[in-house]
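There are structures below to look over.
In the two complexes that follow, chain A is the common piece, with chain B as its partner first and chain C second.
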Partner chain A sequence: MNLLKSYIFPRLVQWVIVILIGTTVTFIIPRFSPVNPVDVVMASLASYQTTDPQAMLKLKESLEDMMGLNENIFVQYFKFWGRLLKGDLGPSLARFPIPVIRVIGNAMPWTISLLLIATILGWLLGMVLGTFAAYYSHKSWSKILQVVIMALYPVPYYVMALILLMIFAYIFPIFPLFGGVGIGLKPSLSLNFILSVIKHGFLPAVSIILVSIGWRFMSQRALTSTLLSSDFIVYARIAGVRNRKILFYLFRNSLLPQATDLALSLGGIFSGALITEVVFSYPGLGQILYSAILQGDYNLVIGISVFSIIGVATGALIIDLLYPFLDPRIRYS
Partner chain B sequence: MKIIKDLFKYDKRFSVGFIFVVLILFMAILSFFPPYDPTIPHTFPRDLSPSLKHILGTNSLGQDIFWILTIAVRNSLIIGGISAVISRTLAILIGSLAGYLGGRVDRVISTVCDSFVVIPRLPLLILFAFIFRGFLNPLSMAILLGFLDWAWPSKRYRSQILSLKESEFTNTARFSGAYTLEIIAEEHMPFLLSYVVADSISGFIWAIGMETSLSVLGLFDLSIPTLGTTIYWANYYKSMLLGIWWWIGSPVGALIITVIGLYLLSVGLGDFLDPKVRLQRLSK
Partner chain C sequence: MRKIFVVLSLLLLLSLAAFSQLPPGIPRNETLILDQIFRYSIPHNFNVWTPVGITPTRQAFVFDTLWYIDQHTGEWINSLAAEPPKYNDDFTQMIVKLREGIYWSDGVEFTADDLIFTVEYLKAHEGLVWNADFNAYVDKVEKLDKYTVKFTLKEPYPRFHNLFTARYNACYIMPKHVWEKVEDPGSFDFFPPVSLGAYVYKDSDPSGYWELFERREDWQRTSVGVITGKPGPKYILTIFYGPSEKKVMAMLSNELDVLMDLDLEAFKALIRRGKYVRSWYKDFPWAYPDEIDMRNLSFNLEKYPFNIKDVRWALALALNIIELEENYVGGISRVNPIPHPATTYHMKYFHIPLKPWLEQLEIEVTPGEKFKPFDSNIPFELAKWARKQGYKVPDDPDKVIEMFGIGWWKYAPDVATKLLEKHGFKKENGKWLLPDGTPWKFSIIVAPDEEDAFRQTMWAVDQWKKFGIDVSMITLERNPFYAKNQTGDFECTTAWGVGGSPSASLDKWPYINGYHSRFYKPTGETQTLQNIIRLKDPEVDRIIDEMGAISPDDPKSYELTKDWIKLWTENMWTIVLTSFKKMITYNEYYWTNYPTAENPYGQPLYWFMGSRFVIPHFEKTGRK
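The block that comes next holds the complex of A and B.
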């Protein structure tokens, strides 16, 4: 009960605040637009198909009604939330009349699985490498590793993805140039399909891992160096505890700050994944966001923004809620 | 000057970063003295590979890539610089308000900060750039980026200030009768300053990366050469598939040199300016 009140409840409040701020910003930005969103939509619709003017006028009215542009901004805001809670984000304009929510729903599994694997692997790898590099800081491989990661860390996600694509798909065609699965393969549980998915997802995942590992590695190395001079490690060393065991102690003790940090850096990794997906034409949220930009699909861009904020906030919340399992102090407080 | 010389000698990271940054700055300065207007298309034969006459070759539009790149580097640096100044000013203000005032102010600011840290910024930026498409110039882009990048640094400034406030020398200063402002200016500033310098450069790097991401998606004014828009046009004309590697390779290479150079410089400078590291070095 205490845990609920002192730990879980504040996290939930934070989660609500994040979503509130995020969606409010996505609501406000379009209102500052120098152009009327309805006109933008009408113009982009007119470029796809020719309909009779009568129908276009009707559509314009219903769009204005849907976006509620004729009403007071506060009424608009509440209506926006009302629709959002029902999961209604309007129809996609480029893929009319498929609802935005369905377009996002189709892309979601790709992004989530790619992100989940890349984030967890990047996090663990960064921590393990960081711990080793700090523990064996005098070894030459540790120094080389440090230089390599230092050179990788500031590289933007886009450039990393582009370089990997150039090298491993274009110059040495080991991996496919684009897509999430081989052409013509139907989703099934066959070995062929799964192998194809892994092959297509490999480079995007590696490029996310390579960039996100940098910060993790360096913060873990710094954390471990401080831990190395703490009493319990010094004692363990004097007592002749095996290296393996000490490394485990170091790892276990840096798990907590790194879990908090992961929750906070989730937004950055997610943004990077969007860009990576665009480079690899991976069929996730990033890819549909890119096509929405190209096609001027106003509803879809807003929908993806709102969804990514909710998604990332929820991801961070889940990590926070897993925290008591890692930290006995919170569990028994 | 002597400091730079010393740092150059003893800190490898700094020397590599310094060389890279000087290289990039030199390119940016060159952009003011082009032998001809490099933005005009069809000045030269198309798709020439790098040669002595055209160091980085020409592109499919018949422009000299090197001279275009000088302008691109300059514009990207300007965007990064302005954005870093804005975001770090905001961050210092907000962070020190939370850190020094403490109590309820701190709790409110921290909650808001934590929320902004979690929100993924790229979708917001894309939404903004999408809706204001055609209205973004380098200045407004820099301001926009600056206003989105204060949450992380202000959180870190706050925690730095909190640990400084708890430190022994702060208490010593207080008990010997120093005023609060005096303590902040004379005792805390040297620590914070090193942090601000290193951190501003990382803001710089972030802004350049974000500008590239937005431009590559076609969400920036594509007639203005920046590192991002140069990559956009190279992609647009399928330079990679056509084997014109020098077109796509040049901006990508320049971008990598810029970010790695700036990053190494920030690490070297941060260590050099940090009183804690300096004390450690003295005691060795």
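The block that comes next holds the complex of A and C.
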């Protein structure tokens, strides 16, 4: 009961406040953008066709009315919350009148499936390899592994992704050059569809893992190296505890900072992976968010940001709530 | 667990071995694969009558309108109309005779009812494109018979037919039998579309990366079928591959047949490895030179010192165009000194006839001292340079001009210096100071994805810095770039279309009308029309008014267009640089008979509407 009152409840309140403030800030900031969504539509229209200047001005007025951009910002703000609480994020302004929720709904599954798997795998691999490399630092394979990972770490992501594509999609054309699934395949639970999704997501996932593994490997190796000189490890070694058991101790004791990092990374996946999507022509939220910012599509920017804010805040909340289980010191304090 | 893993891995490997880009039942040698020029943001929306619904490429396959002008040949094409529009003497009535025997893809015949419905429906629904145009001009539209429609206009308008004449876009005709049931056109996605083109929608990626179209069984009952008499590829697949490196890989793997544009270096790498790859020209200068637009450096004429004509001339004369061609763009763009596209078609009517005027043009450097700035020798200098590079260049002077343009402004920094000094500018330690003694600094805005504009900006920055001006480049994504142009938040911009880029017709009025002072917006206010440079000039108004009052076919209209070009050039309102080329790239492995310099039967720019009459001419090579 005391834990609920002094630890869990304040964090729940904090979670609500973060979401409220974050969403409000996200509502305000795009409106300072010099890009007006109606002007973007008009510029695009003007580049496609020659229309009477007077007719263009009339059309612009009509669009501003339809999109509700002529209304006072406070009216827009209260209407926004009214809609949001009903689960309606309004229409996309650049794709008017397609609802924001539909745009996000199309892209979200791709982003979540790719980034969730890649983030967790990258985290696990970094943790495991980092722990092993530190524990067996005197072994030659450990030294080679360290050199390889250190060599991969500074390679710019775009270059890494392009190299993977050149090797595995052009020189050895075993993976596709673009897309999330094969042309013509419809979402289903068929083996054909699932294998196609895996095949299309394989290179993007590998590229993310290869790039993200470096930092986690190094940090875990450093953490483990510090732990190796701790009394409990020294004692365990002297006592002849098996390596497997000692590795488990090391892994568990270094988990706390790494779990925080994982939770925040998982929360952040809702913003998408822009460069991955661009290089692999992979569907997802990153490119949609990017173009929404450039097009001044406030509603879509806010929609994606709301998911991202809730994701990060919830990730932080979950890890806060898990701390007492991971770290007995918190339980006892 | 281990067994499951092994089985899954084997299945994955098997699926990899059987990897194919196309779905089963779509043979590669029956499918034309086009480079989709961007990822579609609304893949399943074919409502092209909303301001956000217009999407290039696909519209040529499923939509249709009354007339087209081929932007390469200038040929007038009667599409859904059986003949050109007929006006009465005072241009208050237009009669359209429609083709007979044209059908929608669902088997319903296209008739006058569809055209009348389209106009009345758009007129009745605010917020749709063309709504304001039809309300402004159309008094009534009526059916004379099943294939004849009469428009009665509210005021004389000799260019009313432009609303139904496509280059990129025009008012497409709606199927009455579908749209008459639609109550809220703004939210209707017209999906799947009932087609009036030679293709029907077959499939697409919900994420917007590809779209597949299938030729109609009854393609002969479309305007394309009637006009070309050719069936064209059975399937057309458009794919957005993303970065140009991937497009190159796709084309080398024969997974892409036609590519929109590439930078010169990527193109050279592609033709080195691709046995079947070529562009408009088989050899130098490769690129298609005739996209109807211009590359410019334009100034905000309300900002000091760009409001001074002599300053603009000084900036032009401090640029060495030969260096641009040789060192920045590889000599593959035509130089262009006047505000009119230097295409093969337009050069015949404007650039060549105006060359003697340009040669005689004088500017006053200092009181009493005149200078002739035009240099007609530039194309021949470029030809000399190109020959040195090992490129084949014809000896015929006319052919040299066709390849490199009619000429440009002399590189005359000494004259530029005098022009600036005339207005109190001073040069100290090699740097120009404004008359108030502060260093002269300004910036050029550019969207870096426009390869030519980006390279030309780098050149201009280098040239003007060499001359002593502190110039910088600001790179912006498209939308912030458009926003800055619209609000006049720039000193110098690389925006295209400034000065009026018409279709392949002699009528420039629709493209310059927005420069009339009645549409002027001061810097800071959004200018959604053509006049981003904030030009306000009574002579401009006079030309626009006179042109607007007469038929585009009136010979006086042509003379007025030349007056416009002369007025603009004398005032150097923008520094026009080059033509608007595209490195359109063909892969002839599966398809051939693309339009090329040797066989220029139509425009090669497949993302424009006119491609509907060109693609049917593509022929299978027979390769599997």
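Going forward, the second predicted complex is superposed on the first by the 186 of 333 C-alpha atoms of A that agree within 3 Å, B and C clash if a C-alpha of one lies under 4 Å from a C-alpha of the other, contacts with A are read in each partner's own complex, and residues count from 1 in each chain.
Here is the rule we go by: a contact is a pair of C-beta atoms (placed from the backbone, for glycine too) under 8 Å apart; a residue touches a chain by one contact, two chains touch by 3 or more.
None of the values given here were measured: they were computed from a predicted structure.
K.L.:
Figure out whether A:V301 sits in contact with chain B (first) or chain C (second), or with both, or with neither.
P.N.:
The answer is first: A:V301 touches chain B but not chain C.
K.L.:
After lining up the shared chain so the two structures overlap, which partner does A:I21 touch, if you call chain B first and chain C second: first, second, both or neither?
P.N.:
A:I21: touches chain B, not chain C.
K.L.:
Return first, second, both or neither, reflecting whether A:P97 touches chain B, chain C, both chains, or no partner chain.
P.N.:
second
K.L.:
Output check: A:G267 vs chain B and chain C. Expected answer is one of first, second, both, neither. What do you get?
P.N.:
Only chain B; A:G267 stays clear of chain C.
K.L.:
For A:Y170, decide between first (touching chain B), second (touching chain C), both and neither.
P.N.:
both
K.L.:
Is A:T226 in contact with chain B, with chain C, with both, or with neither (first, second, both, neither)?
P.N.:
A:T226: touches no partner chain.
K.L.:
Name the contact category of A:D39: first (chain B only), second (chain C only), both, or neither.
P.N.:
After superposition on chain A, A:D39 lies in contact with chain C alone.
K.L.:
Applying the touch criterion given at the start, work out whether A:M150 contacts chain B, chain C, both or neither, answering first, second, both or neither.
P.N.:
first
K.L.:
Scan A:S190 for contacts with chain B and chain C and give back first, second, both or neither.
P.N.:
Touch partners of A:S190: none, neither chain B nor chain C.
K.L.:
When both complexes are superposed, which of chain B and chain C contacts more residues belonging to chain A?
P.N.:
Counted on chain A, the partner with more touching residues turns out to be C.
K.L.:
Quick check on the output: what are the common chain A residues between the chain B footprint and the chain C footprint?
P.N.:
Touching chain B and chain C on chain A: residues 34, 162, 166, 170, 278, 294.
K.L.:
For chain A, which residues count as touching chain C in their complex?
P.N.:
34-36, 39-60, 62-63, 66, 94-98, 106-107, 110, 162, 165-166, 169-170, 173-180, 182-185, 191-192, 195-196, 198-199, 278-281, 283, 287-288, 291, 294-296
K.L.:
Given the complex with chain A, which residues does chain C contribute to the contact?
P.N.:
Spelled out, the residues of chain C in touch with chain A are 11-12, 15-17, 19, 21-24, 26, 39, 41-42, 45, 50-52, 54, 56, 126-127, 129-133, 135-137, 162, 168-170, 186-187, 203, 205-210, 212, 237, 239-243, 245-246, 249-250, 252-253, 255, 477-480, 482-487, 489, 497, 510-511, 513-514, 516, 519, 526, 528-530.
K.L.:
What does chain B use to touch chain A in their complex?
P.N.:
Touch residues, chain B against chain A: 13, 111-112, 114-124, 126-128, 130-132, 135, 205, 208-209, 212-213, 216-219, 231, 240-241, 248, 252, 255-256, 259-260, 262-264, 267.
K.L.:
Quick check: in the complex, which residue numbers of chain A touch chain B?
P.N.:
Touch list, chain A to chain B: 14, 17-18, 21-22, 25-26, 29-30, 32-34, 37, 150-151, 153-159, 162-163, 166, 170, 263-264, 266-268, 270-272, 274-275, 278, 289-290, 293-294, 298, 301-302, 304-305, 308-309, 312-313, 316.
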